[in-house]
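We call the chains A, B, C, D, E, F, G and H, going by the order they appear; numbering starts again at 1 in every chain.
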Amino acid sequence: MVERDIKLDRERRARLGFDEAILCAGKSAAHLSGILEQAGEDSLLLTRLDSQALEDLPPALTARIDYEPLSRSGFFGPVAAPTGTAEIAIVTAGTSDARVSREAVRTLAYYGAPCLEISDVGVAGLWRLMERIEEIKRHKITIAVAGLDAALPSVIGGLVPGLVIAVPISTGYGAARGGETALFSSLVSCAPGVVVVNIDNGYGAACAALRALRGGK
Amino acid sequence: MVERDIKLDRERRARLGFDEAILCAGKSAAHLSGILEQAGEDSLLLTRLDSQALEDLPPALTARIDYEPLSRSGFFGPVAAPTGTAEIAIVTAGTSDARVSREAVRTLAYYGAPCLEISDVGVAGLWRLMERIEEIKRHKITIAVAGLDAALPSVIGGLVPGLVIAVPISTGYGAARGGETALFSSLVSCAPGVVVVNIDNGYGAACAALRALRGGK
Amino acid sequence: MVERDIKLDRERRARLGFDEAILCAGKSAAHLSGILEQAGEDSLLLTRLDSQALEDLPPALTARIDYEPLSRSGFFGPVAAPTGTAEIAIVTAGTSDARVSREAVRTLAYYGAPCLEISDVGVAGLWRLMERIEEIKRHKITIAVAGLDAALPSVIGGLVPGLVIAVPISTGYGAARGGETALFSSLVSCAPGVVVVNIDNGYGAACAALRALRGGK
Amino acid sequence: MVERDIKLDRERRARLGFDEAILCAGKSAAHLSGILEQAGEDSLLLTRLDSQALEDLPPALTARIDYEPLSRSGFFGPVAAPTGTAEIAIVTAGTSDARVSREAVRTLAYYGAPCLEISDVGVAGLWRLMERIEEIKRHKITIAVAGLDAALPSVIGGLVPGLVIAVPISTGYGAARGGETALFSSLVSCAPGVVVVNIDNGYGAACAALRALRGGK
Amino acid sequence: MVERDIKLDRERRARLGFDEAILCAGKSAAHLSGILEQAGEDSLLLTRLDSQALEDLPPALTARIDYEPLSRSGFFGPVAAPTGTAEIAIVTAGTSDARVSREAVRTLAYYGAPCLEISDVGVAGLWRLMERIEEIKRHKITIAVAGLDAALPSVIGGLVPGLVIAVPISTGYGAARGGETALFSSLVSCAPGVVVVNIDNGYGAACAALRALRGGK
Amino acid sequence: MVERDIKLDRERRARLGFDEAILCAGKSAAHLSGILEQAGEDSLLLTRLDSQALEDLPPALTARIDYEPLSRSGFFGPVAAPTGTAEIAIVTAGTSDARVSREAVRTLAYYGAPCLEISDVGVAGLWRLMERIEEIKRHKITIAVAGLDAALPSVIGGLVPGLVIAVPISTGYGAARGGETALFSSLVSCAPGVVVVNIDNGYGAACAALRALRGGK
Amino acid sequence: MVERDIKLDRERRARLGFDEAILCAGKSAAHLSGILEQAGEDSLLLTRLDSQALEDLPPALTARIDYEPLSRSGFFGPVAAPTGTAEIAIVTAGTSDARVSREAVRTLAYYGAPCLEISDVGVAGLWRLMERIEEIKRHKITIAVAGLDAALPSVIGGLVPGLVIAVPISTGYGAARGGETALFSSLVSCAPGVVVVNIDNGYGAACAALRALRGGK
Amino acid sequence: MVERDIKLDRERRARLGFDEAILCAGKSAAHLSGILEQAGEDSLLLTRLDSQALEDLPPALTARIDYEPLSRSGFFGPVAAPTGTAEIAIVTAGTSDARVSREAVRTLAYYGAPCLEISDVGVAGLWRLMERIEEIKRHKITIAVAGLDAALPSVIGGLVPGLVIAVPISTGYGAARGGETALFSSLVSCAPGVVVVNIDNGYGAACAALRALRGGK
């Protein structure tokens, strides 16, 4: 006897406050269609959805997806309206980090959480960060997106009292090692209490921020 | 011209809400004494202070240290009194993880933050965790301390809506790779939004929890 | 003097109960044709055979192959009829693991061994696994297919008394490290006696299960 | 509120057929004593218990431990009497592998399972293995213990039809990389269906063998 | 002042008995043409020359190249006639290793050295190697080409008294790690005195064999 | 509120004597256009700009770029005229290293610094280096570009009294590990005081040389 | 015939301006005595000389060594008198870096080069560095000594125009990976033209600084 | 049934021309005594035998061992008398390499093969090697022993026509990575046909040289 149905974790919203997110990279159009059809009227967050993969879906499904190309993210079905003031700042070191920071912005938007996004303030030109640091400080949570040596989360972690979530980025070559240097560097940040998510994982950083804002049950 | 003074970051408390913590491992008695003397009436948190290193300090300094041997941590000078109810749960997979979870407990105690500590509920005997999960859920933040395959943070992250901070542990041999397997495993947790600190870094996990509770400025 | 003939291990069936399996990835059409022609009337299991590679074979050979696209596996020549009840359960954490679990299913089918296949029961939504665990337990052997943190084999290994064979999966990015994190995590599972095969090696897991069922000579 | 009791998984025997095993390396005498006292009349298998650690326990506890020094294993409390004929062969490449193969033998003995132990038949002197191969073949399961290049499990896997469990060994220097070379080598064995446990994990190999012999529920 | 001429090591033949070999992978057609034109009437061995790269050269140069596609090697200009009987055996574990073993054969041919080539005698079917071992033994040097666990060089090293040169192969996936497992495995071979060259380096193995046959000056 | 402007570090020239350099690899045409437009009349150095990416820019921007294909570098806007005699020698081991050495040459040219470029003097044919060593020695700084075993910086470092900057190269396969072997080898050079930049980082080596020539403020 | 004499590179001073430096770690007292005796009236710089190793030398040799315990360095024989003003600044992130920065200071002292030493100005408390940055800038060369995430060389490299030599430090645990994280982080510094020496290699950094100051011949 | 006898490969001498060599590191005195007693009148080569381990043997066995402390090697029983002229040169880069080169010398001595030993000719002082290169060239085989960047085998491989066997050495710190940098560097030597043995494996290099001199059967 063989059984192979897709089984969505529909209890997740009640349990955790999150819908299931579908990592689309590596899934065939047929596979994705099956998931979306099973979702029915439930909303889903789609991550790493290439524009080609979007086009390969049946038009009836494509029409229901609110797509953003830089982050390659899609909202399937209706999402929450933004509410309240921004409690989360998302800060990037360079313009190449935008694809990941945007994924975090979009994930927050899916759950109706506004944020402040500041880009291109890497520490090689420290004055750029210093111009904005008081503004950043007023937020409960800072998501610091940085590749290479990932000096940004350390400097921010030394200046900002709230939760700092580092997102290492896979850009760079050679000793950047596909983002592992930024990952390890963030994990041993000289600033106390910086936390880290997986390389390029803007989605995970946003979920962590939402968890921190919501607290327990 | 050569200058070699110890320069404590005394502005840290005002800036971040943290005092400087001194990682004592690898520092000589003379070096530690110099730091403590410079601190004067300021309080300091001492981490990874071996009992031998404690004894090697001048008695006048030793007398001012509140030492806890399992975590190898010391409070130099007065610390905050505990206030409020516990908002943080600290959960460990096995009894060998206690040296690290205790470091987190002690760091929270230094800053007056009470917590719930639950040990020995690794997923190999899942019923032990299930007995306590409703209690854990009521806390805003869960620190999940686990080595080896670090399945615990994933299972907790799938059951608990608040912030989950994974602390990978260096126990184990062979493919445990000094805790790197637990570290990487936690970073790719199948549960959304789990954040991670360095291997064995109970201190960092506690600081992150404090950051999350305090929010911005 | 130079000699370059293909030399199939035709004694393998008598010795081990296995036919030679041909890993087709990286072999040219000419190379594969040569192997199939030398096989003659003997049956062969073909793994990692891309649909393009299948089409590139001479039609007379293609016609003799029973192909399944998800697992990219082919049966060359007649295979055993299924016999008896399923003694092996194949369980996957997510839908992306199906290409590998299907390879295991197909390998068992080649040798006439039925199995139970359960997909999408990863521990991030633990209730899905718990619904099926009594059913899984009744099988002598469980093949647990999981990538990322590979928490599934640990949880199953803590609930199921029979042999648990973990198959790490290469999906994921960053700290997933092409499946090495799942591999190491499975090797240090907190459940006793979980065994492991190579990353993505559904074929090997099935062979191991067959070995365990058959016993010695 | 802080809670720190040891919590043994006493349901494990009913659930899996295994008692909890205590990895003693890295645990203090006080920690071990606490565990043994909590066990009460239950039996426990102690692994990696150095003779010094054994001596450091209270005499009343030491007296209840059946200790074997080569494997550094101890039986706390009564164990099963051996029953039936050996269905498991344990084969080692060199004499340095004995500390690990003996751990497997002892684990089997704890559960009353007899085995055949053959040592020093590494493939550098292939005739030694060939002299014994027919005898090995008659067993349902072979545990192949080998370090360095781990050629032994591959050669046995090509000659023996039953389940082959490779145990990589950490001996050797340089490119042996603490057993990782043997581990990876075993995982990519050219023989089909060889399964692998963690480096030096004789205990895990024995548990896997017991799982395979017992089957499901 | 800037100077950028190609500077061939034309003294190499006199010094070492080797012509310069050109690794063509990664070099543009213009770059290769420049090298061949500078060579003039001197002969050169071309390695890793894709058929496309061959076609991209000016026809006058292509016409002077004796090309072999499996090894992707080319002889530019006249080469030595074969002399004497074969003193070198080249043995491969599987048919996928042929692209590398052929590179060794071609390098020997360039220098007029005949060899015996035996393929597909991996240790998973040990009888295949045993059938040929006496023949192999009669050669002064054996080049053993094997990927995955590289058990072949160990087994040969335990049976053959002459120099054994292991060539690790990059085939395989997961724990094969692009040939590093075969490389490390060969370096820690349990047979004494096996030497190793870089992964996939058939050219280097042949040069080493020629060095061993020629001796010093 | 979301803000996403590109923010060039325009103070860099005054602060460090460098303009911002744009690493073009991985940036879209739209992204690059935005950067160039924001630069306005300021000059920029463009690195890793593929010829295709150059063509994809708006013609008005392309027209303002002085492009060199081997190094894939572009000068946007006017650059400094060369002044003085060469104080920097750039030496490469093989012709494959030219793409990186040329990047260094171009970076120096952007800032008006002449240099001596010597190629193809790897230590496998030591006489080629020895012919030029007196000439190299007369320069204050030597940039030694070498992949594989990176023996060149060591030999130069033992012969030349000035600053030696090693640039490891990613060429090679297998144990070359994408340039990490050259990187580590350069870092542990047996010659005293050799310094190292990232793999393939000709730009960084040139900047370091310019820093050394200019000194402090 | 066997020859085993120590062969000092006495031409090094004339060729490079350096005397041979003796890395004492791992050398026996007999071995060190042999070297010092062969040196005769020549001066030598001794690095990594433990105080115990110093005591184990014959008193006549010990008496000729000017020893400094923090850096574990010794001057054997007379050294140069300091001349001129400091052109080199040595800056450390934390007090634990002093053992390495002191090795650099001592190496410079051996060659008569004065320097400015500033410690404990890591970026977690950025104000400490900012207080001193104008002073640092006035030096031609900055040696930046930092472990963990090595954010210090990046921040300095973005503020200082002269040569910046990063010395990664092996302190820290877990993801610090014995200094490899600091090493890789320094190599991919977001500031242009930072150069790097081996982990903990204060000696090498000083030699590089001397090379840069002296220039060519 | 359990069997645990030591089983020496006594056929090895007839098959390969080698006696079994006993790697003594990690073996207990009882274990070693058992091996030596079983050897009886056969000779054995003992490697990595610490002087303490030697003393711990029964005096009757110690008395039969010809011990050399630098290489930590012992001859148990009579060995071959040296015959003929040296056909093997053993060359080291630094004096710290002597413990490994001596192991090679001793292994050759055990089999009666004389050799030329030249030490301390690393390429940082190239003139030292150049003084001896003509002498080295006259030998059929050169064993090049070098750690760190292992530039020595590359330079020798470019100057010497005979077989060059590189022995990487584990000395050094940081980026030396316990000898892996020297190992990988040797494997990608820019000189053609250099072969490599495991890190610190002087014994293996000597065996390879003996294999090359003896040829086949």
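Just so we're on the same page, a contact is a pair of C-beta atoms (placed from the backbone, for glycine too) under 8 Å apart; a residue touches a chain by one contact, two chains touch by 3 or more.
In this text, all values refer to a predicted model and were calculated from it rather than measured experimentally.
A.B. asks: Over the chains that touch one another, what is the least number of steps taking chain D to chain G?
C.D. replies: The distance in steps between these two chains is 2.
A.B. asks: Going by the contact rule set out at the top, which chains touch both chain D and chain H?
C.D. replies: Expected: E.
A.B. asks: Touching both chain D and chain F: give me those chains, sorted by label.
C.D. replies: Common contact partners of chain D and chain F, which must touch each of the two, are E, H.
A.B. asks: Which listed pair, B-G, B-C or F-G, shares over half of the residue-numbered contact pairs seen at D-H?
C.D. replies: B-G
A.B. asks: Which chain lies the greatest distance away from chain E when centres are computed from Cα atoms alone?
C.D. replies: With centres defined by C-alpha atoms, farthest from chain E sits B.
A.B. asks: Using the touch rule from the top, work out which pair, B-G or A-B, shares more C-beta pairs.
C.D. replies: The greater number of contacts lies at A-B.
A.B. asks: Do chain F and chain G, two copies of one chain sequence, contact each other through the same residue numbers, with over half in common, or through different ones?
C.D. replies: Chain F vs chain G: same; shared/all numbers exceeds half.
A.B. asks: State, to the nearest whole Å, the distance from the C-alpha centre of chain C to the C-alpha centre of chain G.
C.D. replies: Distance between chain centres, rounded to whole Å: 55 Å.
A.B. asks: Report the inter-centroid distance (CA atoms only) between chain E and chain G in whole Å.
C.D. replies: Between these chains, centre-to-centre, one finds 44 Å.
A.B. asks: If you average the Cα atoms of chain G and of chain H to get two centres, how far apart are those centres in Å?
C.D. replies: Those two chain centres are 34 Å apart.
A.B. asks: For chain F, give me the residues that contact two or more of the other chains.
C.D. replies: In chain F, residues 124-125, 158-159, 174-176, 183, 187-188, 192, 198 touch at least two other chains, as defined above.
A.B. asks: Which chain pairs here would you call touching?
C.D. replies: Here the touching chain pairs work out to A-B, A-C, A-F, A-G, B-C, B-D, B-G, C-D, C-E, D-E, D-H, E-F, E-H, F-G, F-H, G-H.
A.B. asks: Which residues of chain F touch chain H in the complex?
C.D. replies: Residues of chain F touching chain H: 93-94, 122-126, 148-151, 154-155, 157-159, 172, 174-177, 180-181, 183-192.
A.B. asks: Considering the complex alone, what residue numbers of chain E touch chain C?
C.D. replies: For this pair, the touching residues of chain E are 86, 95-96, 98, 105, 114-121, 124-125, 127-128, 171, 173-176.
A.B. asks: Show me the residue ranges of chain H that touch chain D in the complex, using the header's touch definition.
C.D. replies: Residues 1-7, 9, 11-12, 23, 25-27, 31, 35, 168, 170, 178-179, 183, 198-201.
A.B. asks: What residues of chain D sit close enough to touch chain C in their complex?
C.D. replies: Listed in rising order, the residues of chain D that touch chain C are 15-18, 21, 87, 137-141, 158-165, 183, 187-188, 192-198, 203-212, 214-217.
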